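Chain lettering (A, B, C and D) follows the sequence in which the chains are written, and residue indices restart at 1 in each chain.
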Amino acid sequence: MTEQAPIFILLFPFLTAVIVALVGLRHKSLSWPLTLVSLGASVCASLSTLAQVVEHGPIRYKLGGWSPPFGIEFHIDGLSALVAVTVSVVALLTAIYSKDNVDAETPDKSSQYYSLFLLLVSGLLGIVITGDAFNLYVMLEVAALTSYALIAMGNKRASLAAFKYLIMGTIGASFYLLGVGYLYIKTGSLNMLDIREILETAGLFNSPTILVAFILITVGVWIKMAFFPLHSWLPNCYAFAPTTSSNIMAPLVTKVMIYVMVRMVLTVFGPNYAFEILDWENIVVWLAVIAILAGSIGALAQKDLRKMLTFLIIAEVGYMVGGLWLADETGITGTIFHIISDAFMTLCVFLFAGIVFAKTGARDIYALEGMFKKMPLTMVGFLVGAFSLIGIPPTAGFFSKWYLVQGGINSGNWEYVVALLISSLINAVLFFRLIEIAYFGKKPAEGHDHHHGDDHAKVSEASFTMLLPLLSTAAILIVIGLYNKELVSVIQDFLSQFNLATSIR
Amino acid sequence: MELLQSIADSFNYWIYIILMMIGLYALVAKNNLVKKLIGMSIFQTAIILFYVSIGYKDGATIPILYEHQAHHGHHDAGHGDAEDAHHDVEHAVEEAAKEIHAVAEDHADGHDAHADDHDTLVDSHDAHTSSAIHAEDFANPLVHVLMLTAIVVGVATLGVGLAITQKLYGEFGSIEESEIIEQIRTGK
Amino acid sequence: MIWIFDLIILVFLVITAIISLQVKDLLSAAMILGVYSFLMCLLWSGMGAVDVAFTEAAVGAGVSAVFLISTVLRTSRRSSD
Amino acid sequence: MKILGIITVIITGFLLLQAERDFPDWGDAASPASDNRLSQHYITETINETRVSNMVTAVLADYRGYDTMFETVVIFTAGIAIIGILRVYGPSTKLEHPEPTLDTEKPDLIIETTCRLLIPIIQLFALYVIAHGHYSPGGGFQGGVIFGAAFILLALARDLQTAQKWVPENRVLNLAAIGIFIYAGHGVLSLIFGENFLDYSILTKVLPGDAIDARYHSMLGVEIGVAFTVTAIMFSIYSNLASNGKMEEGI
């Protein structure tokens, strides 16, 4: 059965989504257990796939039994397996968490909600494991359509945010589709590995069409991942969406898009083309520096807890885009490591924000007042996530940032290193402000006093289904930190095929 | 007339860019939400036009085999003596296909693809018997398949966009983006 | 001679696209988008993409026009631009 | 916004025009996209490998069947998404902004009679399109959309309630789900028999004929699944949009 594991990663959430849509109409209570079971199975399948990849190298799974360029294949190497595990684990944790929220926020439509949730997860998993450039577009649209709906099911402002996201998302996806078309007109193939081979054998690297294809695909993916000048859709979307929606989308959607960027740059176009023939590293790294600083400064200006966290996502996207374009093996290792650790630490702080919102009904950061006394366990989980975002060892965030900084030093991009350190400093300021409010119960200036009093007296420790995912995420962050050597060796196995510059360019 | 025709030929690629830019402009600049969605429709259709243009070949027909070309179209186990004939034709088709394979692979290897193009065409014409299927006689079916998917994705996105528009109208009483933003700003 | 038709259709495509975006009445805009889709479908069938043309005729000119019209009737018919 | 739009358009347009010079001639049969083993294989080998004379159907439902399955899922997603966004359950609540009132007259006799004549013909044509997709343009999507359009026409000509009698909301969702189950069922069956997902050739164990026949027949089955989903979801989207999610009266 293990050789069929790749398809099961996707098949469980996808088929269960349909079953939930069908059964959930009559038996609402069944939706949640079904979701959990399917995601649990998906986690098992992806772990088994990862084990196989680590042991035997990349898997090529032929769908429909057709050999690759003619049919569609799954191409699963170390990178896809790691990201697939991340996606399925994050989805499982969010699903456990979602029980109370979904019943409270979308009472009539819980079956549709879970169905869309599972479809989003299967779309993201499909993006991660596919080896076909056009199939990636289809999965991109599955994930995108569900995200629009999951956001639009929120409050009044969420609808407008969702509409903007729909417009931006469609432009991004269409650019990607057009880019694939430009690749196809020159290579005549859609399979990623096949495209790469034809590009190399036919010597197409000087063709303007390929250049435009590269630009279109990169810009399309940048729009989808909210890279700085193209980020305008993101903050409102994630801040006003239903809690569970932002919990699943904030960690996953942007990270999976970064995966797509890494995949396109390394596997389809090849580092040789992206980094040596084009030679744009400096421009893109500077853009990333601007993104990091803009995201961090934007976060400083926010009083709304979730909105502050969304700006941190923009900064983190800057880390990873910059890290890839450092064109250095350590830097790219850091980028891939950061995809994983950032998914978990974003999940951690968003779960915390969701718990605070559910318990106090308040959005702004002063709602945290006195939380250490009222919900000690929740705060422990939050502390781990915050330390990871700041980059304090032994959490995962420290190690991924360490590799990014190391890459920046190796390739001589000091501006990137400085931006990263400034951003970490700002993160520290932000989170210690929160911790201060939560610990000392610092009274805010007048105008905020409607938040304490009756509201807070009732606040107690979060329920088990909310606490378990938060604490597991915190535990995972520490475990990733402790086992960082093993993780890095998997990533470096994957990167060894590309002959990247290791120290000095 | 010749000049006009040559314009008409490259016109296709230009028109798709023009249509796409019209759609993109509407997506970014229009204020009315329904207008934005109409722009989105135009934008996506323009991309489909581009793909279909890739698959077009001069003098080629639709990618469906006619009855006399598709001897195996109707598989009928009852006809014993027809089977032999089928096998012969099948054989010929396979041979032809193998050659096309070989030619295509040569092509992929050769750096100077354009120089051999003419020879290739002549070669494959000579090599095949009249019953074989020539790749250059049919439009490229792959892009058609891809574009069926793209059309379906387009209508799905349009539907979701319209649903969000209706929800916004229920909440704000307007489908003009600037008015909605104004309401959010003053409402706070 | 077929290219003359192609040329005419291409010109009409641009015209319908611009009109459907410029007209202030959204109901007309939806109708003209249907015309645009139908012209596109003609063009594609000329290029040998019959399946795509068929789908566009059913989806683009048929169903999505109905979707647009039902939304326009359920919301507002006037557009500021 | 206008300036931003113009800037975006100019940059993108310039970029696209740059590549246009590099494209192969329009309609050139020897362009890399057409003169590649991929497209040639589809043209020359389809008839041998699947016995389907419409190459588009064969590539759609077999070679790239996985794509098509998720294309169906896109439609299904859109349906569920629109229900999730728009549907209002229970008695209609007072909206902050009332929707425009529509003049709903009694149905016109001519329209009603014409529709009564037309709808069966449309449905018959839709079935033909679905079933004959192997030999002529058409297939599950087109047929499904046309079939859905027949119900939409019914709802337009009479009213939404009449059409709802034929296809109530729950039945619509059931049909959509059944369609996907039919499609994915082919895949799961081939998994059970020990082959890769969607490898129809192993289905000889349940279908008549040899491996190629199994492909041929499975493609028909798959198209029927697609048609179920598309029909149901097209009607569902229409009824939600037309009634503003209340499923009471249409336009």
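Observations on the model:
By our rule, a residue touches a chain if its C-beta (ideal position, glycine included) is under 8 Å from a C-beta of that chain, and two chains touch if they have at least 3 such contacts.
What you are looking at is a predicted structure, and each value in this text was computed from that prediction instead of being measured.
Seen from the C-alpha centroid of chain A, the farthest chain centroid is that of C.
Centre-to-centre spacing of chain B and chain C amounts to 18 Å, using the average Cα coordinate of each chain. Mean C-alpha positions place chain A and chain C at a centre distance of 38 Å.
Chain D has its Cα centroid 31 Å from the Cα centroid of chain A. Shared interface positions of chain A, i.e. residues touching 2 or more other chains, are given as 134, 138, 141, 145, 148-149, 152, 184-185, 190, 202. Chain contacts: chain B has residues 9, 12, 24, 31, 53-57, 60, 62-64, 108, 113, 138, 142-144, 148-149, 152-153, 155-157, 159-160, 162-167, 169, 171-172 touching two or more partner chains.
Shown for chain D are the residues that touch two or more other chains, namely 16, 23, 31-39, 41-42, 54, 56, 64, 67, 71, 74, 77-78, 81-82, 85, 99, 137, 141, 237, 241, 244. Shown are all chain pairs that touch, namely A-B, A-D, B-C, B-D, C-D.
Residue ranges of chain C in contact with chain D, taken from their complex: 50-51, 53-55, 58-59, 62-63, 66-67, 69-71, 73-77. Those residues of chain A that touch chain B in the shared complex are 134, 138, 141, 144-145, 148-149, 152, 156-157, 159-160, 162-163, 166-167, 170-171, 174, 177-178, 181, 184-185, 190, 198, 201-203.
In the complex of the two chains, the chain B residues touching chain C come out as 4-5, 8-9, 11-12, 15, 18-19, 22-23, 26, 30-32, 34-35, 37-39, 41-42, 45, 48-49, 52-53, 55-57, 60-64, 138-139, 143-144, 147-148, 151-152, 154-155, 158-159, 162, 165-166, 169, 174-176.
Residues 24, 27, 33, 36, 40, 43-44, 47, 50-51, 54, 108-109, 111, 113, 142-143, 146, 149-150, 153, 156-157, 160-161, 163-165, 167-168, 171-172, 177, 180-181, 184 of chain B are the ones that touch chain A when the two sit in their complex. In the complex of the two chains, the chain D residues touching chain B come out as 1-2, 4-6, 8-9, 12-13, 16-17, 20, 23, 25-48, 51-56, 59-60, 64, 67-68, 71, 74-75, 77-78, 81-82, 85-86, 95-97, 99, 135-137, 141, 209, 212-213, 216, 237, 240-241, 244-245.
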